[in-house]
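Below are the structure tokens for one structure; questions will follow.
Labels run A, B, C and D following the written order; every chain starts at residue 1.
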Amino acid sequence: MKTIKVGIAGLGRLGKVHANNIAFKIPNATLTAACSIVPAELEYAKNELDVTDLYTDYREMLEKADIDAVAIVTTSSEHCWQIEAALDAGKHVFTDKPLGVDLEQCKLAEAAVERHPDQVFFLGFMRRYDSSYAYAKKKIQEGAIGKPYMVKAIGIDPEALVEGSIKFAATSGGIFIDMAIHDIDLMRWFLEDEPTEVYALGATFKHPEFQAVGDDETAVATYKFKNGGIGVIHVGRTAPHGYHVETEIIGTEGSIRISPVPEKNLAMLYNSNGVVTECVEGFPERFAAAYLAEMQEFVDCICENRKPGVSVYDGTKSTAIGFGTTEAWKSGKVVAL
Amino acid sequence: MKTIKVGIAGLGRLGKVHANNIAFKIPNATLTAACSIVPAELEYAKNELDVTDLYTDYREMLEKADIDAVAIVTTSSEHCWQIEAALDAGKHVFTDKPLGVDLEQCKLAEAAVERHPDQVFFLGFMRRYDSSYAYAKKKIQEGAIGKPYMVKAIGIDPEALVEGSIKFAATSGGIFIDMAIHDIDLMRWFLEDEPTEVYALGATFKHPEFQAVGDDETAVATYKFKNGGIGVIHVGRTAPHGYHVETEIIGTEGSIRISPVPEKNLAMLYNSNGVVTECVEGFPERFAAAYLAEMQEFVDCICENRKPGVSVYDGTKSTAIGFGTTEAWKSGKVVAL
Amino acid sequence: MKTIKVGIAGLGRLGKVHANNIAFKIPNATLTAACSIVPAELEYAKNELDVTDLYTDYREMLEKADIDAVAIVTTSSEHCWQIEAALDAGKHVFTDKPLGVDLEQCKLAEAAVERHPDQVFFLGFMRRYDSSYAYAKKKIQEGAIGKPYMVKAIGIDPEALVEGSIKFAATSGGIFIDMAIHDIDLMRWFLEDEPTEVYALGATFKHPEFQAVGDDETAVATYKFKNGGIGVIHVGRTAPHGYHVETEIIGTEGSIRISPVPEKNLAMLYNSNGVVTECVEGFPERFAAAYLAEMQEFVDCICENRKPGVSVYDGTKSTAIGFGTTEAWKSGKVVAL
Amino acid sequence: MKTIKVGIAGLGRLGKVHANNIAFKIPNATLTAACSIVPAELEYAKNELDVTDLYTDYREMLEKADIDAVAIVTTSSEHCWQIEAALDAGKHVFTDKPLGVDLEQCKLAEAAVERHPDQVFFLGFMRRYDSSYAYAKKKIQEGAIGKPYMVKAIGIDPEALVEGSIKFAATSGGIFIDMAIHDIDLMRWFLEDEPTEVYALGATFKHPEFQAVGDDETAVATYKFKNGGIGVIHVGRTAPHGYHVETEIIGTEGSIRISPVPEKNLAMLYNSNGVVTECVEGFPERFAAAYLAEMQEFVDCICENRKPGVSVYDGTKSTAIGFGTTEAWKSGKVVAL
């Protein structure tokens, strides 16, 4: 059994998730190097992950570390040049979403991927690897709902975490860039089609801080697809019950709905409030298994010389649609994509 | 269209439900007389139900009132002689459950029914007429779960109403007589078989007042049926979430479960507790439509000269099983039925 | 107790529902007259409803029948002049939705209502009287979800009935006029606000017959409200599982969701398919109790000299929004309302 | 970070699960040795798990292998002597349930554990480590349901796997020994009390092969606990919808129900059958995460010099209760425990 040596770049909240998965939970991978500009993160790598080959300079890691692959979990704006540099250095690349923060960057990443067709490039749209979403896709491929023609997606962050969103609002690119990228990807993935037009609306009723910096608390976008399909994305930041991710795929013969009740687990409480289901608190809880599954798939793609189901173009397209949606939201007009 | 003239005996809580149904909600029935020993109940009949032919003496109503049928909703201990008197007076009879409070009484009622084979006798096991239970029965008859061989039934009164149960505990006959009669009937109805043996256990953890008078707060009985089937009944009085009636029928090819969440309606609340379903508050709310449906069926049986699906023998048998269960519970021994 | 004498106009499918409710299920009402141009419907009134005062001419019923009120359940295009005539004849008026088929008609009805402020005018938006919707409204009024700012509504007819929709498609006014009126009303009711802008999209993937006559099989409309709220309506005609009506109201402190599983009753089947909940087959089944409740409220409003919660202006506005939505859908443009 | 070296004994279906978890998914453990009398299992260890220190003799592994701990996943009848040998050899011990197949064996294991108080002994009641069960326990400890006094447990194997159960029926010890051990443990764990009396009934309606060898297809046991609590266990082998494990814990202030719908994942299908939730197919799928969590806890107990929450006495008691239940089932009598 071949073992893939991976270096990680970035050890923030999600970086730690990926690093632990690589280090401890993927049979055919080891975490052999780590890079961060934050000293505490390198300490973490040493103490918690047993990684001793540590870097503060990303390019230096690419040059010197004994690695087959890199996992990029840095700030979004750094993704694309790091992808390019890693691919050019002969490494396989996993990068977290989004691909980049503008289309120019994305195009550079695309070119790099095209220059290195034999290396694996993997974009972290982990929802595709969540067991419920993967099941939905499989069912659809088996014909369970006929021809899918509509996707309705909801993604609402918990009110409990809204302070963080408020702080980040001025620089996040707005609610659609910040929150809709997974739903945009899912919509394209399930419909196997591209949106051509978008209309969007935002609203803020609870935290005026969002509107103060030109953002919104919640928003809805409606998409028209090339073949006539329809997409509806509803994002928000103030779910009192927890982290609400829900998706519906409607086809000619049926539909699949994932999680109208974003249950924490299989337990229900019967008490004086009624029958109560507690909900997941955030994406790390909801998608813990999906983060592991996508990284496993990345490593397996390398070992088995396969291409992953998600491509660099999925990244560019999602980003482009995110910008188009943002334009629609800001302008109040229907925007062609 | 023939219209059946009905006299009601007893206008307590449930009596009012039946009286309103007869008076206003059943096309082919009218409420033409009422009998009660409680003056306020006769006032109610006059003012709210427009009934002017009023009696304080049951036998007098039978003699003088212009009625085709009587609906008996009096104290349980009065049911049987009133059934007998009404049948002997040539009236069709609806009586609320239980048939009687001892087997001797039940036998008198049986004899009266047998003497008057052309009159309709209807015993108010309204759950059989609830849309969910009727659906379950129909599905089973259509073969949806193969041969049914186990019934598990839960009936728990709401903690909100426990004060009433405590007051009534010393004279109720005990938790099984008081609460299990519907579940006993359902068990027999779904299995189409008779239990031959019962074992039962009670417990009291919240309201010692029950044990102080020899009763229990909750109890479980297990039944062995003649053909090898199994029944489990769980009754209680302290559901914090509301009125919990749940039934499961298990067959060789599948099972049917009615209401693990005893929802008040179709709405769910998403709030800081999680996802919350409020529950029904009591049997009048849960079975409102069933009370109407059973009375409609009683009237239709008269009009169409049909026999109802539930018989006087169902009443005797349920009562007998209730006594056997009580003996098992009190003695801690397996009791033959 | 006062009894309201009602004459019914129209005894089609829904007319029969209303007529039976008035005749048999409302204590303080009697059905004393009926009008229809369909002979079989008058036969039905005579034979099934015991109504002998029968008319083929609506104005004649208004003149001659002994009635306090009329229930108008005729073809939509006849509603407004019949409302006007009845009010001018001194009758209280219940009319089924929609108020009228164009705004001019609606304005005539408004004027008639204004001319007769002492008579009850009731518009049949029965969903407001459904126990789940009424519960949601009450909960919202009690503050359970804070300030409501978004309504998402789904209304999909069952595939089993699609043949009827196809036949009717050429003359129905299009999917939004045909299907969205209740959801438009609910949206306004829950948000207590008026939409100012709409964008809409339609699609047809299963039955090209719809597009052949300029209609669509499914459609989505997004509304911007005056105070910044958002509405999303999704209508369709091909739900394989049954009649799917679902509504979500989102507020600053929580949300209420009605019926993501449009269950037929409280039973679940466990079989080789998994755990299966059968669904309601159509609006008569789903809203049977609401049709009765609204008619009871109409009659009670007359008896108690009250105004109903729904007004003639709700009818005009819903119709106007329906037309605006249709324009948005046909044009592909954002339409001001 | 200390790393625990583990040798595994037994690499059947569940052995493979544990071996993979130790080898690849637990940061502070490595799988360094494996023992099996089945050549294919040793091949598996070499090829799939990269383990080269292989044994066919268990005692030899204990003597020669470089291991801190052993994981025993052999045939139930071998557990106890292997536990004893490992503890006496100075190794920490994880053993799968049941502790032993008779009480004498269990007592030997108890004595060995008592001889080595500084070594970790861990019994694989993995359900305690399932996120839903652990959540229920935590909620109960926090007082969410007051004082728990009743546990109702259901464990039904899928009909799809019934052939295996039939083959194994003659030698399995009967349905309670074979299937109820986890539920017995959960009942004791949630009630923190011991049963003193049991009554049990079995039935066979679908596969007479079970009765042919003195076994049953389904069975129910009712337990009376020392402090007055009640337990009900329902086991079976023919669930058409999948693997049905459901547990309810009832307390004075509320109850917790785990999984009336044993959902495969968060997706629901809406199709012509209604709304359908597919179910888990077996215990490896349902409890995959729990198997990992318990092994992680075993390793952490070693690293942190802690005792696990489940003890050797839990094993003896569960086994004893299993035998008592079997006696009750076979005899039809109430049996003192």
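Basically, a contact is a pair of C-beta atoms (placed from the backbone, for glycine too) under 8 Å apart; a residue touches a chain by one contact, two chains touch by 3 or more.
Everything quoted here is computed from the prediction, not taken from an experiment.
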Neighbouring chains shared between subunit B and subunit D, ordered by label: A, C
Quick check for the class: compute each chain's Cα centroid; which one is farthest from the centroid of subunit D? C
Averaged-CA centre spacing for the pair subunit C and subunit A, given as whole angstrom: 42
Just give me the whole-number Å value for how far the CA centre of subunit A lies from that of subunit B. 56
Approximately how many whole Å separate the CA-defined centres of subunit A and subunit D? 37
Multi-chain touching residues of subunit C, meaning two or more other chains, are 240-241, 253-254, 257, 260, 263-264, 268, 270-272
List the residues on subunit D that touch subunit B in their complex, please. 146-147, 149-150, 152, 197, 199, 201, 203-206, 218, 220, 222, 224, 228-230, 232, 234, 236, 238, 240-241, 250, 252-254, 257, 260, 332-334
Given the complex, residues on subunit A that touch subunit B span 159, 239-242, 244, 261-264, 268, 270-279
Which residues, counting only subunit D, touch subunit A once they are in their complex? 1, 20, 23-27, 47-48, 50, 131-132, 135-136, 139, 144-145, 253-260, 263-272
